[in-house]
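What follows is a pair of complexes built around chain A, which joins chain B in one and chain C in the other.
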Partner chain A sequence: MTDPLPSSDAAAAAAAPPAPSLALEFQRVSKWYGAISALSDVSLRIGCEIVGLVGRSGVGKSTLMKLAVGLLQPSQGSVRICGIPADRRAARAEVGFCPDTERLLEPLSGVQFVAWMLRHHGFSLAAARDRARTVLADLGLASHMERPIREYSKGMRQRVRLAQALAHGPRFVLLDEPMTGLDPIARRELIERIRALPAHGVGVLVSSHVLQELQDLVDRVVMLHQGRVLAEGRVAELRDQLPRQPHRVRVIAADPRRFAAIAVTWSGVVGVRLDRDAVEVSIDGGPAFYDALTELGATWPNGIQEVVALDDDLASVFGYLIG
Partner chain B sequence: MNDLRRTPGTLATVLESARQTLLLSCRDRFWWVVGIGLLVLPALAYVLAGRASERIDGRSLYCVLAWWLLGTVVVPWLTLYLGVQSVHGRIEDRTFQYWFLRPVGRGALLVGTWLAVVAMASAAAVLGVVASFAAVAAHGELWPDGVDWRLAWVFCSVLVAGTVAYGAVAALLATWFRRPLVWAAVFVVGLQMLAANLPVSAGLRRLTITDPLRRMMLDSIEPDGRLAQRLWPAEREFRSELIEHPLRDLAVLVAVALALAVWAYGRTEYDSRERE
Partner chain C sequence: MIHDWLREQQNGAATTRSTWSRLRALVDFEFRALFRSRWGVAVFCLCLFPGLGRLVMLAIMFGVVNFGPVGLRNRLQGRPELPTLDPWRVDFYLEPVLSVVPGMVFALLLTSLVVARTIARDRIANSLELYWTRGISPAGYAFAKWLGGFLVIALVTVAVPAVLWLTAAFLADDWSLLLSGAFDMARAVFGLAVVTAVWTAICLGLSIVCGTPNAAMVAWSMLLFGSTAVGAVFANALHQPWLRSCFSIWEAGAVCARAIAGASQRDVSVAGAAATLATTLGVLFLLARPRLRITEALR
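Take a look at the complex of A and B:
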């Protein structure tokens, strides 16, 4: 087992046991819900690297992840985590999963929630609480970890979900839409932490329906469409194949008018629309907008509260790939 | 971290699951309703005892009150609600995923939850029995031969046995059905009430909890004919041969319900329900 916390020093990383060459393996996996096919003949091999899983909502990303952690059983084919069939208990000890569900155990504090989960990995009461505190502090929740989860913001909840996935020291982590609802600073921090995981012997599969979110994070991308692997490869290779995709982003800011006035001056922004407490920005698909947004977030504390991609911006990409 | 964790055994998982269920359920606002009920119950018993002094003695009054109110209404609904909420509530709000991701058996998690439900419902039932008994016992004129304290013990043990069985049925309904409280209503109001009016030889009675509980109670309190008819109106002539083996019947029902619940909990893909 490894300690996946990115804050650990290089020595710890060096001391980590060698990562398995193959952390997650899907062999011709299909999954049906009655007559509906959610995944069809999917084969994947992921080692100690960061792989992005991209596709529109409903293409089977969550199904694939839940098959990998044993929450679902394949109708056909096999899934292995670190060489162990995914439905075995031993496999669950080696895997961490950050689900896309919003709900947590609301009356508990962040520390209690993570510690409760660690108890089922065999941690003693004291060790579980210590470990939970360490992980949550490392994820930036030091001052809020004892408050009830029901008082947490979306970003804080996301960190708690991430903490329960990492705390027990898994060798493979699956993150289902982890950037949803995060502000630019939290997004950047999360990306840095995820990027540090392979150095600690941890493989990562991270899903998103926004290709832009993953470009700075992943080593390669797997694109899903209608339950099948549509394309697979390094981000740069795939991007080279694609035309620039214009799309819209909804930004919730502390002062929407001020944000709109700033955003309209950025290159890459082709339109700005004020909508009550949010600003809808149309962008040309290049990275300039996201770079500028991150810079603004760093200089305007709590100014940018949430960024949500509005479009199925991959729709035309898929159309392009499908021909 | 290898020093910090070791694979938890089944017993450790059961106990931890019970602890977590207890701590989580204790924060439920539902307990305010239970608390108010525990205040209203002895008040009601005290008022009834004050008005019924010339028509019925304390022993009969308490038995009727404890059986018909606690035994057939409060304990079944309280336990079924707690059990369904603890198991099915997690499935509905999808928090079950966080437990299912751990390297422990789902069956052990469910058994731990069931134990916690039994502990909570039993505590409430015992408090209800003691409080209502104290209220009736306060009317000394109703107990010409002295207060029969043994009755409180009898009802405590009968109702605790009831929580064990209703908890198992709640686990079964919560793991098998999408609307377990509707099925709980069918079980309590439909099946049990229907079976209560059937002859004692009817096999359908074996599928109920009320029937073995009633036989356990009657066996322990040794009622006269009039009290027996108040507690078992369907049987005109109560005879001790009718008691048979209520504890065995209850144990079989609990074992079957729990086994089916554990089997379903271990195999069902609750995550796929939204797709079907």
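Take a look at the complex of A and C:
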């Protein structure tokens, strides 16, 4: 190790060089494969934040990611990483890419693999090994880093993939299905580590098919559909932008039948469905329902036991948006 | 969180190093790959056997050791009509590398392990996209793979004959071998290096074209043995021995190497051999180029 590690996050943050305001910028980017349009007029700005990329297979997610890491040239528009055109070598140094792949170079140990990847960034062998050990230890692989990768579990492989993406100190990290194969504890740990990146000046773009995972992780989402950005923003904001789509609320009441009979008379309620011990209410999105519910709660002690919004999650929003 | 420390320690290393320093990691990796496993080391040692055999012959010829049947030394030295047994001629040093047996057999073994698997293995492991995101171009990647493989194979096909010749020059009674044979041996080393480079490139091309490491190994074996067999069939059927060098990838390389070295050979077509190698390389280049394009590699 050439220098000691900073003693705390605060010290590290204080010593960090100023981060650029924009980690990734797409300016009216289109990409065609012959006559097929993979992306159409996509504009996107990612700062020091975590952004989720959502979309079904074949909507252009993969193309967008390849453009973001400089693997593809846009047919039209421009892609910049930290202000540098994405296809420049200087931009590559600012990008960390964690691909969605099960296999790594199996005979190598975790340290050898990460160090080897670092050497492609121009680090000397000694410096690369130092950094690899530091990053892997930080990701919780201290006691396994010298073992061959073929002996690793899925979770350990995922950490190695993340380590090689972070080891050169990028400003923008692209994570493709980062939670695949992780157990709940490892998943929570990884989410915590990724959540810490923006505070250190790193922008993160995460692609995942598991929308619940994304919701726990990201600051906002970009929804792609048929090569275009369908929606962009925080999940709650996106949900609120769907006034025609009734919200569904599940209310657990002491007497569900009585509650259903009352709720159906309220303005703003467009439907009531009685379940065994709960009532599912469809509302028009305005505040009237919640106002009435508050009043009822005040006059009916212990009558309203639980209120759960059923479709404020990412999956529901995405489902509504793409029909 | 160590991210800030990583950036502090970066010191511009990722942006200031040359393309070569990035590719050198790949070259190093390829060069060392064979020696990471015991099997690899064993195969490499096995491939040194023909050279060791020649070393023993040299030791007997120059009287360093005296064993075997009585008069073995005299018998080995008394065959001036066989240039492959005359240490004063380059044929002696070329023979263990360029002969079909054992040369081709050992070369096939070595190239299969070192070169044929290399790119197909990376494709299977999805490593290609990691290289591309690190600013390594497909051409640079292929070059580094080729160079790493070439250096390993050249240890057997180029370095061993050169060391044998130096040993012979040292063991000789006077400096006549060194003085009279240096230029010819330099040509021989150059010829061996050229054909090793071409064979490595052909093998690498197959590795790019084939989907899996095993398929690449099989394709390379079939190309070497198949083309040699087809050449033999045509040469025998048509009574035109020179046709061997126009069909067989191995024979073509051997003929070119001997021609560059100025070694004795007959019933061969140097132009045909060179055309065979050039055509094979050209076809593989055309097939391999789209397979290394980024969209293809990531598919």
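Structural remarks
Just so it is clear, the second predicted complex is superposed on the first by the 232 of 323 C-alpha atoms of A that agree within 3 Å, B and C clash if a C-alpha of one lies under 4 Å from a C-alpha of the other, contacts with A are read in each partner's own complex, and residues count from 1 in each chain.
In the analysis below, contacts are C-beta pairs under 8 Å (C-beta built on N, C-alpha and C of every residue); 3 or more make two chains touch, one makes a residue touch a chain.
Not measured: the values here are computed from a predicted model.
Taken together in the superposed arrangement on chain A, chain B and chain C clash.
In the superposed pair of complexes, A:His200 makes contact with chain C only, with no contact to chain B. When the two structures are aligned on the shared chain, A:Thr134 is found in touch with chain C, with no touch to chain B. When the two structures are aligned on the shared chain, A:Arg157 is found in touch with neither chain B nor chain C. Of the two partner chains, neither chain B nor chain C is touched by A:His144.
Shared-chain residue A:Leu166: touches chain C; no touch with chain B. Looking at the shared chain after the overlay, A:Gly122 reaches both chain B and chain C.
In the superposed model, A:Ala38 makes contact with chain B only, not with chain C. After overlaying the two complexes on the shared chain, residue contacts for A:Arg89 are found with chain B and with chain C alike. Of the two partner chains placed around the shared chain by superposition, chain B and chain C are both touched by A:Thr101. One of chain B and chain C touches more residues of chain A, and that partner is C. Residues 2-3, 33, 66, 69-72, 89-90, 92-93, 95, 97, 99, 101, 103-105, 107, 116-117, 119-124, 127, 131, 164, 168-169 of chain A lie at the contact with chain B in one complex and at the contact with chain C in the other.
Chain A meets chain C in the complex at residues 2-3, 5-6, 9, 12-13, 15-17, 33, 62, 66, 69-72, 89-90, 92-93, 95, 97, 99, 101, 103-107, 116-117, 119-124, 127, 131, 134-135, 138, 164, 166-169, 193, 196-197, 199-202.
In the complex of the two chains, the chain C residues touching chain A come out as 1-10, 13-18, 21-22, 24-26, 28-29, 36-37, 124-127, 129-136, 294-295, 298. Those residues of chain B that touch chain A in the complex are listed here as 1-2, 4-8, 12-13, 16, 20, 24, 27, 93-95, 97-105, 269, 271-272, 275-276. Interface of chain A with chain B (complex): residues 1-3, 33-34, 36, 38, 66, 69-73, 89-90, 92-93, 95-97, 99, 101, 103-105, 107-108, 116-124, 127, 131, 164, 168-169.
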